[in-house]
Structures are given as C-alpha cells and as structure tokens.
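What follows is a pair of complexes built around subunit A, which joins subunit B in one and subunit C in the other.
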Partner chain A sequence: MNPLVFTLKVTPPQRLDLSGLLPHLLNGKSSKDIAALEIGTTREKVTVGDLFRIRSGSADEIRFETGSERFDGIGQGLQGGRITVAGDVGINAGRRMTGGELIISGHAGPYAGSGMAGGRLEILGDAGDFLGGPREGEVNGMSGGLLLVRGTAGQRAGDRLRRGTILIEGDAGDWVGSRLIAGTLVVLGHVGANPGYLMRRGTIMLAKPPTLTPTFIDCGHFSSAFAAVFGRFLLAESRGAARLLRAPLRRFAGDMAVLGKGEIFVPA
Partner chain B sequence: MRTITRNGVRIDETFAEAFPMRGTALIVTAPSKRWARQAAVTMTGFATSVIGCGVEAGIDSEVEARETPDGRPGVRVLIFAMSSNDLQTQLTNRVGQCVLTSPGSACFADLTAEDTLKIGDLLRYFGDGWQISKKFGGRHFWRIPVMDGEFLCEAATGLTKAAVGGGNLLICGADYDHTLRAAEAAVDAMNQVRDAIMPFPGGIVRSGSKVGSKYKALHASTNDAFCPTLRGAVKTELDDDIGCVLEIVIDGLTEAAVADAMRAGLAAIIKLGPRNGARRVSAGNYGGKLGPFHFHLKDLLP
Partner chain C sequence: MKAFVEGAEVSLETAAAAAARVLEQARQPVIAGLATDSAGARAAILLAERLHGAYDHMASDILLRDIDVLRQAGRLLTTPNDVRLRADCLLLIGPKLLNIWPGLADRLALAASPRLSEAKARKIFWLGPGRGEAAEIGAAEITATPAALPLALAGLRAAVLERRIRINGALAQKLTELAETLRAAHFGAILWSAESIDRLAIEMVQGLATDLNQKTRFTTLPLDSGKNVSGVVQTSGWMTGFPVRTGFGRGYPEHDTWRFNATRMIESDEADAALWISAYGDEAPQWKRQVPMIALARPQTRFPYAPRVRFEVGAPGQDHDAVEYARDIATFTLARASAPSDAPRVADILALIEQNLTKGYEAC
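Right after this comes the complex of A and B.
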C-alpha cells in the first residue's frame, strides 16, 4: 500500500503543530479533509493544504518528503504505524508516543521523545536538549520504548527516564541521565559534566571514560549475563553499542547524593 | 491380546493412556557446559512422578551457546505438574534453590503462551532491595546481586495447559540385559524429540504401578500383572518367553510431542530386534476411561 506523502510547498511562515498528523487520526480521511486541518500556532490561520502537497495513500505510513526546523510535535501521541521525515524537525518530536515508529533523517529540536512510553523513535541527525525528558510540571520522562540518536544529543538527555532504552551514538551534553528514575541510557560518544546527576536507579552506559562526580562509587569489575543479553538486543540497532557490551565493564554506583541505586558502566 | 509383529518384535494392539498436564520450558545457562548441565540436573532432580515429587521434570536438550539468549552454553528444561498452582510452587522452589544457587547461572523463559508463571518476579526479593528490573525488546528480566556477580532471571515464563503426561511404553524382553538394552536404545532415540521428556531415572522406570492397593493408605501399588516373579501366582500379562519388563514414561508440551517420542522409541526397539533387545512391546492404560489421550501403538509403528 502506498504511504500518505506530504511535500512542503513553501517555507513555513510560522512554527507548525503537526501533532494532528498521525496514522490513527488520518485513517479514513480524504485528501480534502486532511488539507483543511489547521496546523498553525499563531493567529494567522494555516492549514495542511496551504503548505503541503498531499499524495493520498494509506495513513498507516506517513511520509514527509521535506523537513523543517519549524515542524513541531511531529509524531506526538503516535500509537501505531510509521512516520518518516526526510529532514529536520522542531520540538516535541515523538512526544508521548506509545507505539509505532518515527524516523527522522535530519536533526530534532529539544524534547524529542519526551515522555514516550512505547514504540521506536530514531533520529539520524542530532537531538536537542532534554531528549526523552518530561515537560514542565510533569513528574516522569520517557517510560518505555526505544529512542535512538545517531548523532549527538544536547544537555540533560534522558532526564527523569523511568523505563525503556535510550541510545545515543554520538556525544551527549552535560547532565546526561539527570534525575534518572530507572531505565537504560547508552552513550557511545563523549559526555559532558555530571553524568547521572541525582539519578536514583537505572543504568547509564558510557563508552568513553567520563569524569564522574565523587557521589559515584567504584564497584569494580562487573560480571553478569545481563550485558550479553542486552548487547544482543542492541546488536540489531547499533554495532557500536553491541561492541561496548561485549567488552569487560566496570560498575559505579550512585548517585549517592540521593538513593544511590543507579549505576554507570564504563569500559573496564 | 492381538499383536502385530515387526522385525520379530511383537507389538500389542493396545494403547497408552495419558492425562492433561500443565507444563513450562526454561533455558538455564552458565559460563560452561558443565555448569549449565549441573544447574539443570539439580533443578530436575527428584522429579520423576507427580505422585511423590510434586512435578515431573527433565532435560529436553542441550542448547548451543549461539542459540541461547546470553550466548553461553545452555540446557532446556521441561517441568510438568497436575495444576498451575503446583507448577508455580515447584518452579519457584526449584529455580530458587537449584538455579539461583548454581555458580554463574542465568535462567530464561523458553515457552511463549498466554498464561504465565512467575520466576524472577518472585525470586527478585532475594535481592533485598538491590534487585534491578530491566525491560527491553518485549522481555522483562530481574538482575539479582549474588556473591559471584549477578543472577539474571526472566520475570516470567509461559504456561501451557495443553501438555500431556503419562505416555508410555512397556518393554518386555527375555532377561534383564536384553530388556535394558532395548529400553536404553529407545530412550536415546526419544531424547532427540523436542518438547518431550522421560522423567524417570535415565528415562526408565522398573517399578510400574497399577491403581489401588490392598493397603488402604496407598493409591497405587506394584503392577503385579507385569512382574515376572509373580507370573504363576497372579493373573499375569506376561508370555512364557518374557523374563523382564521396563517402562518408559513420557511427558510432552503437546500431544504430538508425546506421540513423536513414542514413535521414535518404538522404531529404535524394533530396529534392535528380539535377539539383541525386546521381544514384545506393550503400553499401560486404565481401560481408556481415565485419560483423554490414547496413544495406540499400532498407529505409531514405523
């Protein structure tokens, strides 16, 4: 079945809220219905038809032929199906998604995968700050699913992560894994200052030796079948991550400033 | 009784009567084959019959390292019980006392089913608050810190209600040596069948039982009709040329697995022939009224 394709006709005149363009919301709608949907965020009214050329198809797969830094809320609330974006996106990409797959071939703004609970989000470029983190007033960040960033991530990636897996193949900024509740965060590149800041539980794996705060305590060599099982799971997604998990690991427990039941793994 | 003769071995036109059971499958791994086997042998020990052991358990097969979830050598174990509760209790006790305790071990579910049995979900409390839950790829594991590192245990495993227990072959030979040789050949062949185990020692039971006893306290007693030393004293099932009987009992995750195992065993016995092995093969039943599964020997012949 052919996917539903959106091609940008003109540069967006304002930030767009694309959270309404989801498979389960568009299924059964005609191109005309879709063209009439409002996607503006200012007093100036903007509809899908104003900005996009629509090639009708099954909404189970939605494809954006072009991206823009002004595409906010793309895949927000995704429940199933697949969305691909051939370009950059703005904030809140894949926020609170519970299933399906969202693939962004360019860069994503802040709060990508914010509070996501399931499904798979892959960003081939870089991600902004607060990857997977909670928005203002929310208690938890990401609570399930798989979040992959092939490029770098900004500051506080994985903030308040509760469950699920985040894998960053490039570098990550300061405070990676801040306030982690549980879940697993893997960074293959370098990380900034204070990784795992105030983490309670959960697992951070860092391929490049970080500078840890004194509130992380060396627990020595790590021996468990877990590394192998998790490595096999990640092998399908990232050879680099699988390589990290095949090598011997050293375990640091922390953050002792709080509960201290979290862990940071580094190559031994 | 009418018989069919194959390669000189007489096959009784009778059937094995089997019962529905609850079953599950696990993969136990360890850093080496030796310790994977050790954990599996320990957890399937004292599990020959539900009557006295609570469960019937055995090793289905060894699993190559490249096929296990953690890439270490493993052993696939099957466990059967008459009720889901019994199975849950025994599973927790056996994994907790025999696998958790075994050096370097890890324990994985190896049966996908709608119903589940808890493993790590109960054993995690051994971690005394230091246990770590990990969910990824649709699976849920518990990491429990232990003195050699960590015990990794899947949270739950599948429970099948379509398991079948009590498939059997009664192998009758001229003397002990010949009969044992046939029984061993049959067990070797049946061990190749997936999803089926022979829970008795080495797969073989020499003390087949009948229902009931002259003693009120006992529900089962020796199968006197097949005891060679009683042939003159009771209503015997034995021919004059039979001096020894050994039985193989089979439990399977499916009816087909039990049938396949019986078929493989029969083929091995028949191939061995009466000079080297058994002269006759029969099967145990209760007239067909107790168990819903009937495995007719004539349908399983090679």
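Right after this comes the complex of A and C.
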C-alpha cells in the first residue's frame, strides 16, 4: 500500500498543531476530509489543505516530505502504524505515544517523546531540552518504549523517566537524567553538569567519564550478565551502545540525597 | 498624563484607537511585561482573550521555577508571620536575599527570639550567601558558590538522612553539624528566592524539608520578589486556571511555558505585535526584532526602539491606589497612593483600547 504523503506548499505562517494527523484518526477519511482539518493555533484559521499537498494512500503509514520547526505535536498520541518526517519538527514530537513508530530525519524541539508510554521514536538529528520529560503540572516523564537520538540532546534529558529506554548517541546537556524514577538512559557522548540529580532509582549509562556529584558513591567494578543481554538487544539499534555494554563497567550508586537506589555506570 | 503615536503627543483617545488598530491588524499579538497591579493584570488578560492573543510576564523565567516545583513535586509552605512567631531555626539559601527583600530581617524579627516557641534564641544559618551578607543579620555562614549550591544542598540532605557521600574535609564537617542542628529544631524554616537558585535545587530544598519533617517540624518560605509578581500569577490563576505564559489563540486558554514565552514568540516571527506593560519600574523589553509595539510604561523608560504607541502610566501604590500582593502578609491588600497624581492606571488604558476594537473573534 502506498503511504499517505503530506508535502508542505508554503512556510507555515504560525505554529501548527499536527497532533490530529495520526493513522488511527485518518484511516477511512478521504483527502477532502483530511484537507479540511484545522491545524492552526492562532486566531487565523489554517487547515491541512491550506498548507499541504496531500497524496492519498493508506494512513497506516504517513509521510511528511518536508519538515519545519513549527510542526508541533507530530505523532502525539500515536497508537500504531508509522509516521516519518523528512526534516525538522517543533515541540512535543511523539508526546504520549503508546505504540507504532515515529522517525524524524531532522532536529526535534523541546519535549520530544514527552511522557511516551510505548512504541519507537527515532530522531536522526538533535533533540531539544526535556527529552521524554513531563510537561507543566505532570508528575511522570516517559513510561515505556524506545527513544533514540542520533545527534545531541539539550538539558534535562530523561527528566522523571519511569520506564523504557532512552539512547542518545551524541552529547547531552546539564542535568541529564534528572529526577529519574526508573528505566534506562544511555548517553554515548559527553554530558554536562550534575547527571542524575535527584534520581531515585533507574539506570544511567555514560560512555564518556562525567564529573559526578558527591552524592553518587563508588561501588567499584561491576559485572552483570544482564548488561551483556541488554547490549545485545541494543545492537540492532546502536553499535556504540552495544560496545559500551559489552565492556567492563564501574558502578556509582545515588542520588544519596534522595533514595540512593539509582545507578550510574561508566566504563571501568 | 501623556500619550504618543509615532513619537507625537496625542490625546488618550487617539492613542487608544491607534493601539487598537495595531493589535487588530496583527496575525498574533502578545501582551508582555505585565508588571502591574491586579486590576491591570485582569484587564490585560481580558484583552488577550478578546484578541485571541497570548500573555507573559517579564519575570516568568524566575517565577515559573517555584510554580514548576509546586505543580510537579509539591511543596511545604508558610507565611512570614509563622516564621516570625514560631521558627527557632532558620536556614537561608543562596545569595542576594537581602537585596530581593530589604525588609526581611525586620519583618521576620530575626534578632528577637520567636514568641510562640519554647526555644530561647533563634538559630540562623546561611548556605551560600554573597560576601558579607551573613554577618549583616548575624547568621552562621556555610560558604558555597552559586554553581556549587545544588551540590551543597544535596550533601546537606544526604547528611540529614545520615547517608555516606563523597564530600570530605571542612565542608563535610559543617554539613553534618548543620544537619544535626536542623534535626534538633522545634520548628524550622528554609528561606530562598527563585532569583538565585535553579528549579532542581528548589526541588531539593523541598525534599530536605520533607525529610526533616520525619523527626521534627520544618517548613519553607520562598521570598517573594515584590512588585505584585505573585499577584499577577494569582490573577491569571483565577481567570484562566493557569499561570502566566498562556495563550487564547484557539479561543480557549492554553498554557505552555515554551510556546508562550513572549520574547521567543517575537524573535521567531510568530507574534507580530506586542503590548508591553511595565508600571512599577523602567524595565524595557528584551527582544531584538522590531515588531510594532504599544507600551504602557513609566515616563523614564528607555526603549531599545521607539514604540508605535506609548502611554505614560502611573505606578501602583504611588500615583494611584492599587490592590496588590503584599509579601509581608502573603495576601492581597489595598496599597494607598503615596503621592497621588492624575497619571492613568494600566487598567483604564487597556479598557480604552478594548473599547476601540472593531473586530470580535469567535470563540471555539
């Protein structure tokens, strides 16, 4: 089946809310129905048809031929199927998705994968601040699924992560893994100041030796069959991550200011 | 009482009509600054709703730190009176607290013993003060640079929980002693200002207070920055259910601390007209892109570029009576004009602008 394709005709004159363009919402809709959907966020009304050329196809796979920093909420609430974006996106990409796959070939704004609970989100470029984190007034961050960033991530990546796996192949900013509750966060590049601040439980793996806060205590060398098994699981997604997990590791426990049941692994 | 259009002095009515045209012709207007009394904030939010625009406060980056901790992690909180009367142990955190609230020592009667406490004297500690600040109020100083404050706070909280950490030497000794004193307090209070510590450090402070409550009673008092900042936030809360950085683009209030950052909206060409309100001081907007601007400001304000329409307004509590949030008692009060003048109120000018709007925007 051919995918449903959206091609941007003009630069968006305002931020767009694309959270309505999901496979389970568009299935069975005609091109005309889709063109009439409102995607504007200001007092000037904008519909899909105003900005996009639509090539009809099966909504199980949706393709955006162009991206824009003003595409907000792309794949937000995705339940199944596949969305690909050939370009950049704005905030809330893949927010609260529960299944399916979202692939962004450019950069993503802040809050990518915010509170996602399942599925696979891959960002080939860089991600903004609060990757996977909760939004205003929410208590929990990402609670399941796989979030891959091939480029760098901003500040507080993995904030309040509860379950699932985040893998950042590039560098990450300050406060990476802040307030972690559970789940796994792997960073292959350098990280900024104070990783794991306020983390309760969960696992952070850092390939480049960081400066850890004094409330993480050294537990020495660590060998675990699970690390190797997990490494094999990640091999299909990232050779670098698999290599990190195969190598000998050293474990730090913390954040001792909170519960102290979290762990940060670095190469031994 | 002066109003200007393109720099030329005109009547209030003419200026209000010109302002209404600018706001109507824009794709998306934004109200920024928002330093005003509660009536002004109310009028500004009503105008934003009518225009389907957004509103933000000049101090949002700071005030949202406390709000984000409140709504994501919760917080223990008390009033200055409670601290004054009951707290036998005070822990101040971060630099410049006496600049942020000059009357602090007096209002909390730091030099006197707490009236409603069994303790005879007040113990006061200051973690990470600026140079010479701790001595000014007779507090015991524990040195920490602003960058090291989050770590010192984490170390202190770990010491309260009697956990092992990787701090040695004098600082470790001081933190252990301080932790013992805090745990021995009858009723303690931790004071900080969001102007000098980060969101995560504030969350650590809240966790510290929670942990201390397992053995004794402890609470916190975030120092208010004054100028009705808290009043504007509360006004926004009762009108829309959200704090500042809220927009009405789709006809209903949406709150997004990233999307409705006024400076970001203007720099990214999303907002193409701005209404700047600054009635307390001479603060000017920070954005660089020269979007058409309507300014409700004090006469001495220096703008980075000329506003299209400018109104000179009075200062709340100085030129006119105003209802504002009084940090001394942590609630709204009527502030009588200290030097009454005929300089107009922000609320009156905003009402005049709204009367001059010709378009209505349909609600969703």
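Everything below uses one rule, namely that the second predicted complex is superposed on the first by the 268 of 268 C-alpha atoms of A that agree within 3 Å, B and C clash if a C-alpha of one lies under 4 Å from a C-alpha of the other, contacts with A are read in each partner's own complex, and residues count from 1 in each chain.
The rule is simple: a residue touches a chain if its C-beta (ideal position, glycine included) is under 8 Å from a C-beta of that chain, and two chains touch if they have at least 3 such contacts.
The model shown is predicted, which means the values in this text are computed figures rather than measured ones.
A.B. asks: Does the superposition put A:K261 against subunit B (first), subunit C (second), both, or neither?
C.D. replies: A:K261 sits against subunit B, while subunit C stays out of touch.
A.B. asks: So, A:W175: does it touch subunit B (first), subunit C (second), both, or neither?
C.D. replies: Only subunit C; A:W175 stays clear of subunit B.
A.B. asks: Given the superposition on chain A, which partner contacts more residues in subunit A: subunit B or subunit C?
C.D. replies: Between subunit B and subunit C, C touches the greater number of residues in subunit A.
A.B. asks: On the A-aligned overlay, A:T42 touches which partner chain: subunit B = first, subunit C = second, or both, or neither?
C.D. replies: In the superposition, A:T42 touches subunit C alone.
A.B. asks: If we overlay the two complexes on their shared chain A, which of subunit B and subunit C does A:P214 touch? Say first, second, both or neither.
C.D. replies: second
A.B. asks: Using the superposition on chain A described above, determine whether A:Y197 touches subunit B (first), subunit C (second), both, or neither.
C.D. replies: Once the two structures are laid over each other on A, A:Y197 reaches subunit C alone.
A.B. asks: Identify the partner contact of A:Q14: answer first if only subunit B is touched, second if only subunit C is, both if each is, neither if none is.
C.D. replies: It touches subunit C, and subunit B stays clear.
A.B. asks: Where on subunit A do the contacts from subunit B and from subunit C line up?
C.D. replies: none
A.B. asks: Help me check something: in the complex, which residues belonging to subunit A touch subunit B?
C.D. replies: Its residues touching subunit B are 144, 146, 163-165, 182, 184, 201, 203, 222-226, 228-230, 232-233, 261, 263.
A.B. asks: Please give the residue numbers of subunit B that touch subunit A in the complex, ascending.
C.D. replies: 29, 69-72, 106, 129-130, 132-137, 141, 143, 148-150, 152
A.B. asks: Considering only the defined contacts, which subunit C positions touch subunit A in the complex?
C.D. replies: That would be residues 27-28, 51-53, 68, 71-73, 147, 150-151, 153-155, 157-158, 161, 163-167, 200, 203-204, 207, 247, 249-250, 254-259, 268, 270, 361 of subunit C.
A.B. asks: Please name which positions on subunit A make contact with subunit C in the complex.
C.D. replies: Going through subunit A, the ones touching subunit C are 13-15, 40-44, 69-70, 72, 91, 109-111, 134, 136-139, 160, 175, 178-179, 193-194, 197-198, 213-218, 255-258, 260.
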